[in-house]
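Note that chain A is present in both complexes that follow, paired respectively with chain B and with chain C.
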Partner chain A sequence: MVLTLVIAPLLFVALAGVLQLGALRVAVARVRAAADLATLVAVNDQDDAELAKSGSLRLSADAADVARQYFARELELSSSLLDGGADAIAAAADIAAYLSAPAYDTRTGARYERPTVRIAAQVPVRTPVFGALVLRPVTTVEVLSVSSPR
Partner chain B sequence: MRGRAAAAAVVAAIVLWPSSALAWDPFRDDGRLDSPEPERDADPAPLIAPPPGIYYVTDTYVADVVTSSGPVTTYSTTTVHESTGSYARVLDIVGTGASSAFDGSAFNGRRALGDGRAVAGTYYENYVLGAGGFVPVSVVFFQDDAELARLLAASPAPPAAIASPSAPSATTRTIAPACCAAERPVGAIVSRTPPPAKSIQPGLSLLPASASLAALEVLRGRAVSLYPRAFVEDREVPVRSWTLVAGDAGEALATTGSGSVPFRTSWRRLAPPDAAYQIVFRIEVDTPETGHRMVDAAIAVVVRSPALED
Partner chain C sequence: MTKSLRGDRGLATLETTFAITILVPLLFSILEFGSALERWLAQDAAAVQAARYAGELGGDAPELHRFVGDELRAAGIDPDGVRVEVAPSRVGWREPVRVSLSSAYPISIPFLFSTTVPLRSSAISRGEVNR
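Then we have the complex of A and B:
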């Protein structure tokens, strides 16, 4: 009986932590998918004028805006997991569109051989169980997504 | 009186009566007189006398011939001794560079010299004899000219084309053309040198007046329009038609079209890695400047699709 009273809270805490960790991994996956989809959509449009002039693929001038817009839309679907508005999170994201290649990413130091859209965002995810366990109630997930036409 | 007249008539009849000569014939023994004369393919004579100026054709037009001998380029016309039952008359005799009211009406056209002037020659109109009389059927141009083509570019002051300024040779004048192009025995062309044609640079562009492209980079599924074009000395000439002759057309609406219609398509499949779709169009150009020509235009199409980077 005493053992049960001692072990049960520990089991409960462990179980809650595991569930919260699983929920966090799900949230991270959804946030990452939102960023990936946003970059994919953003590079799926090319500049008509450049295409007619040189025949080469140059991203549309509004690629960064498109990426931010779609990032916000996708985050909205997981709004219950986020600690903040989807639009605000998307607005704060570092989104860069490299319309022509080659290009260098000053944030990551990467060299892109093709036109690229990159999203680097910090997405606050609610982790209430962690907060109850004297941990952070909000876990910030850093997401990086890079997409280019291949 | 009557008796004297009758006697004179008898004497005249005796004198004028035809009879064989009684002289010795040295070839009598070889029997040549006994054998019938070889039959000649006599040209059929017209049944109805043609009006003045129209005569029966005995030599048929074959082809325009351009021959070069050293620096001299000669423009002539070949014929074959053949009667097609048609008639002809001279319409106009034109000199080098001179214009004629019949320019453009001849089925075989009128060539130009190296300096752009039209060659000298004669326009004939061909007729056939129908129930209602002589019916004009076609116009043919017999060219007869020459030029020092290679010296034109070298000399500071371009001299005029030499020889046969207006009147073709007598041999040509005795030849009457036949009626129509369908009767041209193509196999009888002896030496036909292509005209001094200007080179045609084909091109493909995404807009009717944009730059020609050798390669194209498009996104998968994106609709594009390719305009086949042609240029002569950096000047665009109209394209009569085009045909896709090689390459993956993708989701093309049509693989052939007139010059004003672009090639519209989109590609839903990606080419193999590090490869491109090589598309080749055959462009038909037919202008007085170029003649009827076919040129091929190629473009490499790279189809890309969005992908995530690592």
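Then we have the complex of A and C:
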């Protein structure tokens, strides 16, 4: 009886931790998908005039703005999981568009052989159960997404 | 001696009953909620792929519903229990299109409760059809 009473609270804490960890995994997957979709949407937007003139792929001049706009839209769909506004998180993200190739990414050191859009962001996710367990109530998810057309 | 043994046996039965009524719901909670989270992740992934495809198709189309059905089946989810919404149903070049998948996942915890948890997944893409 005593053993059960001692172990039960520990198991409840373990259950709460497991559920929070699961919810965090869902949040991380959503944030990654948000960044991936935003970069994909941005690279799909080609400079039509350049394509018609030279036949080479070149990103539209507003590719970085489009990526930021769609990153905010995708994050807005998961706003209940985030600690902060989707617009503010997207505004703070480091988004770079390399309109023509080859190009070097000063942040990652990568060399891109095709026009590329890259998003690097830190997204704060609410983890209230971790907070109640004397851990961090907000977990920052680092996301890096890179897309190029082919 | 006999009295003492009978008393011990009674205590052990009481202890086991107490342990089962606490431990079984806990164990089932971990299994059921874990399974619900796994399904939510799979549904989210299907929503992202569906949004990309809806952008390529320029909105809602029978091919999209077939695609979503295949994606869900591949993830072990019955497509009949998932509602698919595409808004707006027809988009042009550079217009945003949103795909939402919603379903209800039944959760049953012995000795506590049985309920259904709503799972909603949405993703936005951009129309790629120049009409």
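Going forward, the second predicted complex is superposed on the first by the 150 of 150 C-alpha atoms of A that agree within 3 Å, B and C clash if a C-alpha of one lies under 4 Å from a C-alpha of the other, contacts with A are read in each partner's own complex, and residues count from 1 in each chain.
The working rule: a residue touches a chain if its C-beta (ideal position, glycine included) is under 8 Å from a C-beta of that chain, and two chains touch if they have at least 3 such contacts.
Remember, it's a predicted structure, so these values are computed and weren't measured experimentally.
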item	value
Superposition on chain A - do chain B and chain C clash or fit	fit
Touched partner set for A:Arg126, first chain B, second chain C, both or neither	neither
Partner chain(s) touched by A:Arg68 [first = chain B, second = chain C, both, neither]	neither
Partner chain in contact with A:Ala8 - chain B first, chain C second, else both or neither	second
Chain B, chain C and vertex chain A (Cα centres) - angle in steps of 10°	100
Partner chain(s) touched by A:Leu40 [first = chain B, second = chain C, both, neither]	both
Which of chain B and chain C A:Leu51 touches, first, second, both or neither	first
First, second, both or neither for A:Leu77, with chain B first and chain C second	second
Which of chain B and chain C A:Val26 touches, first, second, both or neither	second
Superposed arrangement (fit on chain A Cα atoms) - minimum chain B/chain C Cα distance in Å	7
On chain A, positions contacted by chain B and by chain C	36, 40-41, 44-45
Chain C residues within the chain A interface of the complex	11, 14-15, 18-19, 22-23, 26, 29-30, 33-34, 37, 40-41, 44-45, 48, 51-52, 55, 94, 96, 122-126, 128
Touch list for chain A against partner chain B, complex	36, 39-41, 43-46, 51-57, 112, 114, 116, 145-150
Chain B to chain A touching residues, read off their complex	205-207, 210-211, 213-219, 222, 224, 302, 304-310
Residues of chain A touching chain C in the complex	1, 4, 8, 11-12, 15, 18-19, 22-23, 25-26, 29-30, 33, 36-37, 40-41, 44-45, 70, 73-74, 77
